[in-house]
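The structure under discussion is supplied below as structure tokens; questions concerning it will follow.
Chain lettering (A, B, C, D, E and F) follows the sequence in which the chains are written, and residue indices restart at 1 in each chain.
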Amino acid sequence: MTANINASAQAIKFPQTKIVTVQPQSGPESIESFYDEYLAIPGILEQIILDTNSDAFILACWGDPGIEAAREITSKPVVGIAEASLYVANMLAAKWSVVTTLHRVRDMVEKTIQKTGLTDRCASVRTTKLSVLDTEQDRLATLDVLTAASRLAINHDGAEAICLGCAGMSGLEQQLEERLGVPVIDAVAAAVKMAESLVSLGKTTSKQLTYRLPERKVIKQYEEHFQAQNLYP
Amino acid sequence: MTANINASAQAIKFPQTKIVTVQPQSGPESIESFYDEYLAIPGILEQIILDTNSDAFILACWGDPGIEAAREITSKPVVGIAEASLYVANMLAAKWSVVTTLHRVRDMVEKTIQKTGLTDRCASVRTTKLSVLDTEQDRLATLDVLTAASRLAINHDGAEAICLGCAGMSGLEQQLEERLGVPVIDAVAAAVKMAESLVSLGKTTSKQLTYRLPERKVIKQYEEHFQAQNLYP
Amino acid sequence: MTANINASAQAIKFPQTKIVTVQPQSGPESIESFYDEYLAIPGILEQIILDTNSDAFILACWGDPGIEAAREITSKPVVGIAEASLYVANMLAAKWSVVTTLHRVRDMVEKTIQKTGLTDRCASVRTTKLSVLDTEQDRLATLDVLTAASRLAINHDGAEAICLGCAGMSGLEQQLEERLGVPVIDAVAAAVKMAESLVSLGKTTSKQLTYRLPERKVIKQYEEHFQAQNLYP
Amino acid sequence: MTANINASAQAIKFPQTKIVTVQPQSGPESIESFYDEYLAIPGILEQIILDTNSDAFILACWGDPGIEAAREITSKPVVGIAEASLYVANMLAAKWSVVTTLHRVRDMVEKTIQKTGLTDRCASVRTTKLSVLDTEQDRLATLDVLTAASRLAINHDGAEAICLGCAGMSGLEQQLEERLGVPVIDAVAAAVKMAESLVSLGKTTSKQLTYRLPERKVIKQYEEHFQAQNLYP
Amino acid sequence: MTANINASAQAIKFPQTKIVTVQPQSGPESIESFYDEYLAIPGILEQIILDTNSDAFILACWGDPGIEAAREITSKPVVGIAEASLYVANMLAAKWSVVTTLHRVRDMVEKTIQKTGLTDRCASVRTTKLSVLDTEQDRLATLDVLTAASRLAINHDGAEAICLGCAGMSGLEQQLEERLGVPVIDAVAAAVKMAESLVSLGKTTSKQLTYRLPERKVIKQYEEHFQAQNLYP
Amino acid sequence: MTANINASAQAIKFPQTKIVTVQPQSGPESIESFYDEYLAIPGILEQIILDTNSDAFILACWGDPGIEAAREITSKPVVGIAEASLYVANMLAAKWSVVTTLHRVRDMVEKTIQKTGLTDRCASVRTTKLSVLDTEQDRLATLDVLTAASRLAINHDGAEAICLGCAGMSGLEQQLEERLGVPVIDAVAAAVKMAESLVSLGKTTSKQLTYRLPERKVIKQYEEHFQAQNLYP
């Protein structure tokens, strides 16, 4: 999956951008439950802590896992692929739907949309029988399932664009768009553009209140680089 | 703090209830940022995984950290102290405020209230200069700060009851209530009652969709007991 | 119906609790319209006024009729069975539905949920052809109707738990739960637990603003004990 | 107060309209609490039941007490003075505030606005120290209090029009408007216009679902004319 | 269409009212897109600017196009037929739907309802295959399409009254009401009543903030009478 | 002002981007009322109609005037500077405020935020005494007024970033950011990045429903190029 995400990101970036795709050292193979999400977050944050070169960070899982914490530990811009895809959809369509993996993630997806603040513009969340890893294995079958779910979103829920709600679906947007006739947004590509935008604008995350550096304290059983005091310059 | 929480819980429980208070093996000393919260969650979930005796679980941090995941990994009831305190407040007052620690947690607290679904009944979130650990050190000074913030909530925001938004404030509710003349809700005590209620009702968490057991998969760098397949009976 | 409610309440209470079930002296046999509800309220309030022994009160009709007034006339906790069932559902499921009587009560039920403040967590209100009294007469037929409506809520609306939206349905929760495989909440039982909780917590209703004792004035054609001045200590 | 309401209504009606102002036979002198409101409703409904001549009904208390039940028991239009004043305000100003009596009614007023569905257009609810009966006794003092509260609404909350939130304030709108320089809406006058409108349009209340005639049943301790079966033609 | 609107307005007005129906000098034949709406607005505003006799203005297109600007350029009351119909529906039914023209206007209609502030009371927006001009050509076919859409609104969405969402449908409300058995509101008629009401109440638009006269400035390519300075007395 | 906007846009664009800044042939000098906005829209749409070279369009007025119509008449991406600035703010701060011109535009600004769908993330709208043209004349005085309003937003309303709510303020963001210590977003720059992003992603506006080409019809008094039939390929 990381290779797939990397391919999408490299393909869409501006020439002057350099993208490095990394995988957390710890956590689940894929995120399909709150449990997966919460166990993935320390590993995601660790990658940001250890990186001293990048100008911005992209969280390449559709739930934008741990994004508030990521914004606390660095002042460099952090972009979630979910929020990025919603902004792009919002500029292309009056109403859009998110089409995604297993039925069980519906609540997780709704919470992500609500966190981003765009619930009012969302036509529906359409879940499927696809696991995250399924989306990688049989691309054609995945395309068929996404086509069916998207058609329900368009015809039944009033969607006018489709957000692909999983990084594993990256690369299918073109074919799906041809089948459906409405914009289909790959969240990874959208996030690359948003990250490039924020860097180009020279903006950094607000340290005014919510996203200040974490308070200094002992964090048991976490390595030295996780200790809050070491995050301070 | 754990001792303080334990004292409050033991004092309020019904005679037939047995309460065991445990501290996660990993994570921060206190939760005052999203970073703290996310790093605390694996350790919190671990305590639930390792416990095979309890009939219900209470998450004794006001943000109800990781509660959705906790509900996935067990079918026994899981109660967050934040949600419990809001339900109690809702039965005692037309509008209530949450009075809590550092100003930076405002957004975190608002998200917790929204997750519980009770934003419309909340008069305000009043943050203070108190760190979580401050609340333990000088109880009288803490009481004074809480009194001042609560009076603003009552007189300026229209609050008719006060939810103490931090487990570390447990034990101060009685004195604060005397000073203010409105109900002051200790979240730990409220959660003990909710947990006793759910056990008495014989209810278990819905495994219909959102809170099903996590999907089976490899979770890198986490010990055996965290592996999803081991959560299955 | 009162006998049925009493049986449910007695069965679920903690040993140390004593429950007295009373019927208002005036008002309709059952509540299935706003007209019924409003004509029932004076009789409900009267029972609270006349009772000097109880430590808390439960309004055993799902609309929580007159609950704001009940909270004005006593400082002892007052619990509505509707709100109690929603809090319990909220702790067991990400989304829940209310399954209830006649189609005409849909708006009344939605207003009750909104008053409690939990509209965002409600998947749907599913009404049926059952009158309140029907629910008493043929329990098996009632069970079948509730099963069908609940399945629609689960499969079509995304409910993960079911709140029984009528006191008359009390006692069917166990069988319905077995049929459906999701938590089914009996509102009467939930309210008993909430009332026990509030008494155990030693809390009383806020007299700060909304729920102060009614202003002193003449109330024409109502007996002496209804006169506001007699409510004052 | 009834005389005052009558004067306002007679003064504003179209020539062809005939208005009869009646007082319920039972209930409180004024409505300043939920208790007052609920005890007033049976008497209000009775007046509608007993009236066979009118083409429409106006509930002349700002909380529109029992309006849903009133709409059940007759198919003739029923207008609440609160809702009428909000519609008028909505046509005159981008945002408006409600200025009203005792501080304790804030929650009641907010619920009335929410029931009408116009919460988003409301700038604020400004309560005062005035009881309903105060508004009758010293008109000049009342005017001063309303002026002060309205100025806060305009300058602090962004109100661009004022709704007088109590029938007892009827008759003061002209003087207040002169002082404030923004539209001031007398709810009684607004309701007369809405009732005239509905009659002129030849419309009747929907009997489709929510506002059907109450279900037939025994209503204990209420006189014959209250019995639901007698409401049927 | 203007003739049709005029006929409806003349038929419903009070005897003492004089109605003059005018057509803008510029703009599209009908409004079925945001493009149509925005190109119609200058011509609509021009009619108000040029009129020095009327006591109030009605915007006879269901989107209430340019109504905020209309309220800026005159202090005389301005009523939109959309908002008027929603207020009337709100007094007759617990929930109502808007049944209207082409599917593409759904978003436009939803925005109009939201602008009026009544989104919470709306059961659904039901669009059809009818263009605005279709509604004029074959009245019986139009009636059939509206009947079908309204039945979906009633049976599927829970509507208890129907608002006709296009001025071109004016005159069909009686027949549709007979077919459906629920109140059907002609927006033109509703607006006549609201305008008569505001004039009778002697109210003018608030000039406090939002609806002040436009700031003085040059408006290129618009005739003299459009220039803001000429709007000042 | 156009020169100022052009300078900001040229300064921030990627090297490969070419930006052409045009002024509508008709309409007001600046937009400070709904009247100004509506009279500006035909001229704005005309520029899009007449342009056959550009890959995307930016509406450089903070209200995103006529953006829905702009999206109808072209399939090339259209970006509003208001929405663009809100997306950028949303990625940098938990809550943000819009600081803008004259007090009278408050309602217009709130409607723009609501149309974009981000009301929940907005801390406040802070208006000032500045007219649009003022912002051009005395840049230092403008900076001082914006600083004062922003500080209120930060200290009183909880804003953690500031969106400059007027294109005329473009160029002041750097100095304001230095004074305030929180991110200040120039809407013009943000929109350039969003337009570059959409073009790079190869996306076009959805023609599924809301943003289809306008229906063919006569548009009186508008030139040939405005006629809907001429918008079709």
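One rule holds for everything that comes next: a contact is a pair of C-beta atoms (placed from the backbone, for glycine too) under 8 Å apart; a residue touches a chain by one contact, two chains touch by 3 or more.
Because the structure is a prediction, the values reported are computed rather than measured.
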| item | value |
| --- | --- |
| For chain D and chain F, chains touching each | B, E |
| Fewest hops from chain B to chain F - one hop per pair of touching chains | 1 |
| Approximate Å spacing (C-alpha centroids) for the pair chain B, chain E | 51 |
| Rounded Å distance between chain C and chain D, as computed from the means of their C-alpha atoms | 28 |
| Computed distance of Cα centres, chain C from chain A, in Å | 43 |
| In chain E, residues with contacts to at least two other chains | 68, 94-95, 106-107, 114, 158, 209-210 |
| Touch relationships between chains, expressed as pairs | A-B, A-C, A-E, A-F, B-C, B-D, B-F, C-D, C-E, D-E, D-F, E-F |
| Touching residues on chain B, where the partner in the complex is chain A | 24-30, 32-39, 41-43, 45, 66, 68-69, 72-73, 102-104, 106-108, 111, 114-115, 131, 209-210, 212, 214-215, 217-222, 226, 228 |
| Footprint of chain D on chain B - complex, ascending | 94-95, 158 |
| Residues of chain E defined as touching chain D within the complex | 12, 14-16, 68, 77-79, 83, 87-88, 90-95, 114, 116-121, 154, 158-161, 181-183, 185, 189-190, 193-194, 196-198, 200-201, 203-206, 208-211 |
| Complex contacts: residues of chain D adjacent to chain B | 106-107 |
